[in-house]
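These notes open a run of structures that come right after.
Both of the next two complexes hold chain A, though its partner changes from chain B to chain C.
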Partner chain A sequence: MSKALLQVSDLGVEIGTGKHATRILRGVNLEIKPGEIRGLVGESGGGKTMVGKAITGLLPSSAVVSSGRILFQEQNLLELPAKNRRLLLGTKIAMILQQPSTALNPVLRIENQITDVLTRRLGYDRKSARDYALELLSMVHIRAPERVLRQYPHELSGGMCQRVVIAIAFAGKPSLIVADEPTTALDVTVQFEILKLIKELQAKTGTAVLFVTHDLGVVAKICDVVSVIFAGRILEQGRTEDVIGRPAHPYTQALIAASPRLDRPDAGLQPVPGELTASLWNDAVASDLEQSHA
Partner chain B sequence: MLEAINVSIALPDRSQKSLFGRAPLLKIIQNVDLTVQRGKVVGIVGESGSGKSTIGRSLLGLYRPVTGKVMLEGKDLASLSKEELREARFKIQMIFQDSQSSLNPRRKIIDILADPFVANGRASRSDARNKALALLERVGMRPAHGDRYPHQLSGGQRQRIGIARAIALEPSYIVADEIVSGLDVSVQAQVLALLRQLRAENSLGMVFISHDLSVVRTLCDDVVVMQHGRVVEAGECTRVFNDPRNDYTKKLLRAVPLPVVEKDWLDESRRCDSEAVTELPSAVAAMR
Partner chain C sequence: MALPTLLGVMVVVFVLIRVVPGDPISMMISGEASPDDIAKLREAYGLDRSIPVQFLYFLKTVSTGHLGTSISLHQDVLELIMGRLPATLELAILALFFATVLGVSFALTSVYWRGRWPEVAVDAANALALALPEFLWALLLILLLSVSIPLFPISGRTDPSNAAVFHTQFYLFESLFTARFSDFAEILRHMFLPAISLALPLTAVIGRVLKSSLLDAINQDYVLLARAKGFSPLYVLLRHALPNALIPTITITGTQFTLLVGGTVLIELIFAYPGIGNMLFGAAINRDLPLMQGITIVFAVVFILINICIDMSYALINPRVRLD
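Let's look at the complex of A and B:
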């Protein structure tokens, strides 16, 4: 057993303060080992994006971490001064976002967006930054890197933009990449290419990935281990083949039963029972009350 | 029967427009054939920009075809007078992808649902209200939801309202454009169940436009695969999904990640021909 690269324990996040506080995350425990792809799967409002944001330190200003620790390479990120935390981003921790077109700055050429990270964080000078940028673009299999460097995001397709974002994410050879729904906005054949690319680069560099998604199919194909989140709580986690193949938690079972199946048109599409989600929410709220009394 | 026969649509390409004069026409879809029978669901799949939505809109007579025609129960939509077209449009309704922007944010649900009756002189205001309440019930919502505004409903509930509004005037055909794309799987399952129920109750003919092949596979009877504005393959769902003949269809099917663990799925060299769908025939046999 290798040591965890990232260990999130008992992480609680609230939005707002005092009486109006709403709990978003309730005691989340999550571990990522070096070089592993950890899926985090759930429906909207479950808190999966918030976990990624808490790890990267990009929580909205209204959100407060109310409990827990985030140990990254044995350092509690929550105790780091904001400046040091920011310096980790782009070097040791990187992000890939859902909308490639909005992740890039629309008024800057691709060249400047890539070299920005290289010169600011990674100590490249302008000349060598350009060379490395070209190398990065070839690494993500962009055929005409010279031309793409001169282009603006709107001149590129969604898949191309996502390749550029991935190139930027891998530029600093980070130990961890948080990928939040990186293929959701893409067509299915492009999704295939991007998943392949992420897997390829991940295997080559040994980077660990937290792969946040709503799509169990994608999880099954790319993740080594997976955590299922609902109402800000991790309901089930384990090796992907176990969680998808033999789900233990009723919610995971319901989620799988609700997914339409290309291979089994007669199966799938069973709505998740309302009583199940209601009781899960009740549990979550009950645990909040317990905590506030304690 | 609702039919598109050899339909081509061209729209002005504004990016190529010179300062003066008209923008040149750009062909969006070419020579598309499509038939929807009442009680059947026809899926249109393809990637973004393949012309799926354009063909959907042309079925409602929103675009004038450059070639070919759209026939509703044997009549060419383009040949109808304004009044006849108005009548014809009661028979074809549309449901949109973005339920948020397709409902007026400043009006209550009950008023939104009463509108179709009033606007077409089918009912008085108070009568329309009752009909709207009945519609709410048909799509599985409570009367209390009628007093809310669109932003007070969840995405799935709003999409039900979109469906309720579309079926208000008892249309024969519905064009549904990516209506479950923004929904979670659990909500998606509910909305699809509702569509199935309505189709059975009213023998609705439906055109279901979607990029999600798994949803199309479970809901539709027939499917049309589009690429670059052309139909590359069409036929019964069972046939197209089990025995795809076109390379592009094969590629699409291969790229769909099934929730089944497969370590070397991303390894393309492993896959040749229709390997990815070998599990299908047995599943279909089991269904029969």
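Let's look at the complex of A and C:
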């Protein structure tokens, strides 16, 4: 068994302080080995995005890590000085965001948005940065890279923007990419293309990916291993075919049952029982609901 | 759009200054003039006609590129204005420069150190700058920096003893571009207080609008992505958040800048600064109708030009409105 690239243990995150604190992550354990794609699946509001943000250190200012460790290449990120932690981003850890149309800066040309990370963070000079930017764009299968470099984000489609974001993420040849619902905002055909692209680049570079999504179909297509998160807790994890084929936890079963099926159109849509409401973040209610699923 | 606006301004100004009380002829003659003389003078200036007819005559004059003859100064209005306009423009531009530099630094300071003491300090300074109108700032600054601590001169544009020769009326720009730095410093010292007084309220407006736009921008996805590239907070703020936040700020700065130009009238009066605002005040005292309407129309032209500049700068910074 190879050593973990990233090991999250007992991670707790709270929003607010003192009596009004809401625990949005409680005791999350997660492991990613080098070069594997780990799915993190759950409903909206389940805390899956927060896991990604805690790993990258980009939690909103109102949220604080209250417990746990995040070991990345055997150093605890939570004990690193803020600056050292920031310097891991762009080089060893990268991000892909959900909304490609808003993830790129509307007033900067695509060229500047790719080369700024190359020149400022990865030591390229202007000339070689441009060449590498062109190379990256071809790598994400953008057909007219010269033209795209001169364009602004609003001149590109959502799928194209996401390709640019992916190119930026892979630019520093990172060991880990946190992909936060990278296909959710795209239409289905583009979704498939982007999934294929991420899988292809991941295989080529050997980068590990934490793939955050609510879509089990996407998980089945791309992830080696998957963790199911609910109300800030990991309920079940394992190899993708095991978790989806023989879900052990009732919540996972409900989640699978809720996926629309083309082969059984008469079955209708099955809602996941229970609701993720504010009161759920109260510990008692959360464990009640977990019990009811069990 | 500019021409109809200008025509509208001319109508309003023309009618307004003729229906308010006050007679230019009675201001220019001595007590012994006979009713006959007065009638002759009125006829000479066309003031015996009805207002619509006077307006048509005025339009005819304007179409030949003139604005008439001043009643109190007996000179061509356009020449009078052109002699004074550069001084006012320089003052307004210097004030805009101060307001932009101060306002942008205020906003950046308070966003970069948000939640800490610099934000509180800057917000307090901003509220203070906004609380007083420019003419009160002028009086306050004179008391503080000219009377109590005599750092700055309180009137004029240069020292009367200064023998420097200028080829244009743009003293500040000319001395700067011809590298006559001692003259430049001298003129800047004279313009500092009036420009700062004009700039302070605009500084506060720029500071506030830019701050709220910046706070909005730093919560956007593109800033999150910039942070995920590992850039320093300062670089993210300056390179990724600021250009976006400037878009709404430029719009408001433009409209507020026209108010600033209007504010030059009182400021020039307070500092005895030889611009067209000061001249407008003199024209109003003397009921010099041609001069008043000339200056007002020039102000209108300046306002329209400012708005065109804003539209152009908007397209410059926001690629989404850029025309191909």
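Assume the second predicted complex is superposed on the first by the 270 of 294 C-alpha atoms of A that agree within 3 Å, B and C clash if a C-alpha of one lies under 4 Å from a C-alpha of the other, contacts with A are read in each partner's own complex, and residues count from 1 in each chain.
Basically, contacts are C-beta pairs under 8 Å (C-beta built on N, C-alpha and C of every residue); 3 or more make two chains touch, one makes a residue touch a chain.
What you are looking at is a predicted structure, and each value in this text was computed from that prediction instead of being measured.
Undergrad: Thinking of the overlay built on chain A, is A:Leu58 touched by chain B (first), by chain C (second), by both, or by neither?
TA: Second partner only, chain C.
Undergrad: Figure out whether A:Val107 sits in contact with chain B (first) or chain C (second), or with both, or with neither.
TA: Only chain C is touched by A:Val107; chain B is not.
Undergrad: Mind working out whether A:Thr91 is in touch with chain B, chain C, both or neither, as first, second, both or neither?
TA: A:Thr91 contacts chain C only, not chain B.
Undergrad: Look at A:Gly217 in the shared chain and tell me whether it touches chain B only, chain C only, both, or neither; answer first, second, both or neither.
TA: A:Gly217 sits against chain B, while chain C stays out of touch.
Undergrad: In the superposed model, does chain B or chain C contact more residues of chain A?
TA: Partner with more touched residues of chain A: B.
Undergrad: Scan A:Ile244 for contacts with chain B and chain C and give back first, second, both or neither.
TA: first
Undergrad: Could you look at A:Pro271 and tell me whether it touches chain B, chain C, both or neither (first, second, both, neither)?
TA: The answer is first: A:Pro271 touches chain B but not chain C.
Undergrad: Name the residues of chain A shared by its contacts with chain B and its contacts with chain C.
TA: In chain A, no position sits in both the chain B and chain C interfaces.
Undergrad: Please name which positions on chain C make contact with chain A in the complex.
TA: On the chain C side, the touching residues are 220-222, 224-232, 235, 239-240, 243-244, 247, 317-320.
Undergrad: Where on chain A does chain B make contact in their complex?
TA: Touching chain B: residues 43-44, 187-192, 195-196, 199, 214-222, 240-241, 244-245, 254-256, 258-266, 268-272, 277 of chain A.
Undergrad: Using the touch rule from the top, collect the residues of chain A that touch chain C in their complex.
TA: Contact set of chain A toward chain C: 56, 58, 86-91, 94-95, 97-99, 102-109, 116-117, 120-121, 152, 154, 165, 168.
Undergrad: Any idea which chain B residues touch chain A in the complex?
TA: Contacts found on chain B: 47-48, 184-186, 188-190, 192-193, 211-215, 217-219, 237, 241, 251-262, 265-266, 268, 277, 279-280, 283-284, 286-287.
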